[in-house]
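In the two complexes below, chain A is the common chain; its partner is chain B in one and chain C in the other.
On to the complex of A and B.
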């Protein structure tokens, strides 16, 4: 057992890293609780003297902020929350399904050529902004622009390379003889993968799912250029809290950002225990 | 006792390969393998690491597809069958237990898959576990088991079924010596008692000799010889087989044959003797060079004879009832197996005369390595 004590220098560095990482989170949560007068007060208000939930109410009731004399918010965020949940959940599920099948195919059956994994990844080898405009044209022609199915399609296309590669590395780590034992025991290939492979890469499956969900959940650009108003997502909605009279509504934006963080934080805690390594310890001789 | 008389089984095939070939990339892993394994027999595939033993077993199980050739299991073509439809059980060389299942569930898995009744599964698992002395690990996960316990659970997972064929890939390799011998005897007993067909791969010739009805010697993807254990020892197909089987290793000495006087053999270091029967009856009319193989137990110490070397003892290795003596001749070295009582009187550095049983000399071709008949 190695010593668990940290050297003072390392401890200091860790604290510094934590401060840098957590400060924006702290600032966002505090801002979400500030009344409009505190949003960009100078000097900065670190912790609001009179915390309020008015920003959160404004998200779903645009008129709520008027009690502070701020107007001009027109749209409820509920459509965006629904849109983000729908697009991210469905596209993540599809991406994981396709990625898992591809990963098993590549890892176990050498599907395609040795270049196949690279070709799959090549879809991510240029910046999304470069392909966004062509997609606008293609999606318009295909009449799927400004639809959830269109948005889901592009999310799946954009994340399948990641899900394939990540899941492939987890399948690669699993000794194939464990699945083969199941096949010799009388299970079909599909059943062996469902009942043996999947449970044994569970940790990787959860981690990849969360990662893909975060990618989809936080996408701004595709949602912006591929929607004209019929569909909405949280990141696009965030950009809409700018009014002619009051400028940027920082508090309302912060409130929506806090809401957007909650599912990710909860998911992170939920799968934490599954992320432990060493699931297959004891399965094979080393 | 066999469940059925062996003679009645001899002509029914447990397994047959006809010209089986398998390559990985450009490398031939199996090269034109043909073998017939009678049902109810214990066949061992013997060979060094990388000889193709595992590939052969995996091809039988359906985990590898043959590039060419035919595979028959129980007399029926099996090339096209999925692993699940081949009705074979396999023990993998790395065991491949289900790490998330208990010992009980590991052993029960094939029975669950085939939809056996719960109480029948319970009985079968308990039965095989007590036979393999691993009842105490049934409730535990593989990660909490010792190497030997895992090995026994893996054996149990295969033996709990009654398939047409058992494939065992070095099934005893991670056990300590005592348990290995105990379990191999147990395997042999089970195989005989129930008339199972076993195909086992091992690099250990003593293990092979102990259990096999028949041994197939594999080298670089080719079957060099298929024979009963004693035949493999007495009449090896070539000097690789001869060196692989037997401890200490067979002595190989450059020699030449001359047809004079009904056939004479000249060994290095000045020994001339009568040619062994194989050469005398071989009808060789000219002189030629060959490699003489003499098993260590066919050499004798201390009786000065006409055809005897004088060698210096350089090493004495006690083996219990026997001892292996290494002696240096002027230009070569021979190992001799003697009784421990003989070895007790020897000292390193001492000179001794060495003679050998001429009829037991095995002649090999210098270039092809094949045994001369």
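On to the complex of A and C.
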């Protein structure tokens, strides 16, 4: 299709689409900055006249919001922020390590059977609510229910398919002659991969790492069914805030929601050229 | 880069040489060159950790769930090992008597069909606009991707807030249409379903946009030029030349989204919890309630297996149109 300029009508449509796309994000960020009087105001306060960070402070100090004469939240979100950071980073690191080995194995040595992709995919198709049930049983028996180790184990298992296939698509892009040259030079296979393959796919490795982090950080259901008080993550905490306070502390809830999405939006923009590859198991490359 | 600067430069030079000489190697040459067969090299076991993890943490739970689905086990009856076997009772109950399950299946399917159609049309429209040249294109491209970078729980929460009875959406409706047109979104079934659809479409249209745009940009230009020279109108070129070539990409987008929307849970949980009544209850939400509110774990597992079988069947039939291509790519 020849590239042409934008007609005024299409330009208008584009602006309309942009407003619809960005409005919800704008609203939640603004709500997080609003003092309690503005949260639920009629007519709506679109941009707070006196923006405040009190909602964010309340997340870590539940009493902070009282200076506005509003009851505090029952629970600090510090544990949830810590839990999300811990579970997401550790499981991402493990997932990438395992996925990288598998990617090189699958791409270069066809190691692993042809059934592997099928098994992996059916794992992804199984409704998580149901796969969570056996996890609860197995984890209870193994005494790792309501622990971060258990949560991390699930996250690794759930994301290894993604890290493997995304990394494999990057390794596939490399001509194998490069590694062969290093092997002819006398390096062992593993050394060749370590010194040649790894540096050459470092961009892909970076993108995959952030992508896996996004997946882990986004999880809601596994954390919901596996946490009974000793562990917490941000999404579960957000759900708790919404029920516990019956929807009255909009600003504090919004602050937690904004806190949850900041790292993801940053990571997402950083790897935006690789997002399609990640979401499609490497089927689409650009 | 900094760790292995030397190899890096060499490798890059190699790559340039190779890229200019050979583009594609015959498939059978691969096993000759760096085959690990018959050697005790550790490379043979590179995929092992991944397989072990999949085995322990994916296959094992699946087997437990499968076994459980043939029993009448609930946590109050002691150990799963002592549960009594009931054959296909759970499955029969689900398929014949459980209208709530069947309704959830139909509902998920309908919501999915509406969402995916809207996402496809909107995503394609946006992608086509992005084939043109305009100022700020790169920035706008990123801006349009924003929704898909936000986690589902937060998206669900955000729209729950937007759709409150005195929330911004109703205030805008009131502004333009008057007080009497502002509905209580979560109190009536059709409006609640609408909130779920709007939320999903907002969240995932960017994925269609992204996939379709990358597909459109990769469309080979020669057939397009040929059609233009032969006198085809831009419309004909788009519908009869470009769109057919886009078919594999479209199928991939639909398959990926179908797999996800069948599992739809987080957004609905935050928006409506399946209510009012069970009017927005998706399959995942129903299974969740069965297992974690009613403790009908065995029954829930059976439901999950029915869903898995249905999903496999659906995805397989969706892949049929590009089956040939997939087999070719696998070499």
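As a convention for this text, the second predicted complex is superposed on the first by the 234 of 286 C-alpha atoms of A that agree within 3 Å, B and C clash if a C-alpha of one lies under 4 Å from a C-alpha of the other, contacts with A are read in each partner's own complex, and residues count from 1 in each chain.
Everything below uses one rule, namely that a residue touches a chain if its C-beta (ideal position, glycine included) is under 8 Å from a C-beta of that chain, and two chains touch if they have at least 3 such contacts.
Owing to the predicted nature of the structure, the values given are computational and were not obtained by experimental measurement.
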Given the touch rule stated above, what does A:251 touch, chain B (first), chain C (second), both, or neither? neither
When the two structures are laid over each other on chain A, which of chain B and chain C touches more residues of chain A? C
Of the two partner chains, chain B (first) and chain C (second), which one does A:204 touch, if any: first, second, both, or neither? neither
Applying the document's definition of touch, where does A:186 land relative to chain B and chain C: first, second, both, or neither? first
Once the structures are superposed on A, label A:196 by its partner contacts, choosing first (chain B), second (chain C), both or neither. both
Would you check which partner chain A:98 touches, where first means chain B only, second means chain C only, and both and neither mean what they say? second
Just checking: does A:35 make contact with chain B only, chain C only, both, or neither of them? Give me first, second, both or neither. neither
Name the contact category of A:178: first (chain B only), second (chain C only), both, or neither. both
Partner chain(s) touched by A:48 [first = chain B, second = chain C, both, neither]: neither
If you lay the two complexes on top of each other, which residues of chain A touch chain B in one and chain C in the other? 175, 177-178, 180-183, 188-189, 196, 199-200, 279-280, 283-284
For a test of understanding, state which residues of chain C touch chain A in their complex under the given definition. 1, 3-4, 7-8, 11, 14-15, 18-19, 22, 25, 30-31, 33-36, 41-51, 53-54, 56-62, 64-65, 68, 80, 122, 126, 129, 131-134, 140-155, 157-162, 164, 166-168, 171, 202, 206-207, 210-211, 214-218, 224, 228, 234, 237-238, 242, 249, 252-253, 256, 259, 262-263, 265-266, 269-270, 283-285, 287-288, 291-292, 297, 300-301, 303-305, 307-308, 311-312, 315
Per the touch rule above, chain A residues touching chain B in the complex are 175, 177-178, 180-189, 196, 199-200, 278-285
Note which residues of chain B are touching chain A in the complex, please. 61-63, 82-84, 86, 88-90, 92-100, 109-110, 113-114, 141-145, 147, 150, 157, 161, 173-174
Listed in rising order, the residues of chain A that touch chain C in the complex are 1-6, 10-11, 13-14, 17-18, 20-22, 24-25, 27-28, 31, 40, 42-44, 46, 97-99, 101-102, 104-106, 108-112, 116, 119-120, 122-135, 137-138, 153-154, 156-157, 160-161, 164, 174-183, 188-190, 193, 195-196, 199-200, 202, 214, 217-218, 220-221, 225, 235, 238-239, 242, 247, 250, 253-254, 257, 260-261, 264-265, 267-269, 272, 275-276, 279-280, 283-284, 286
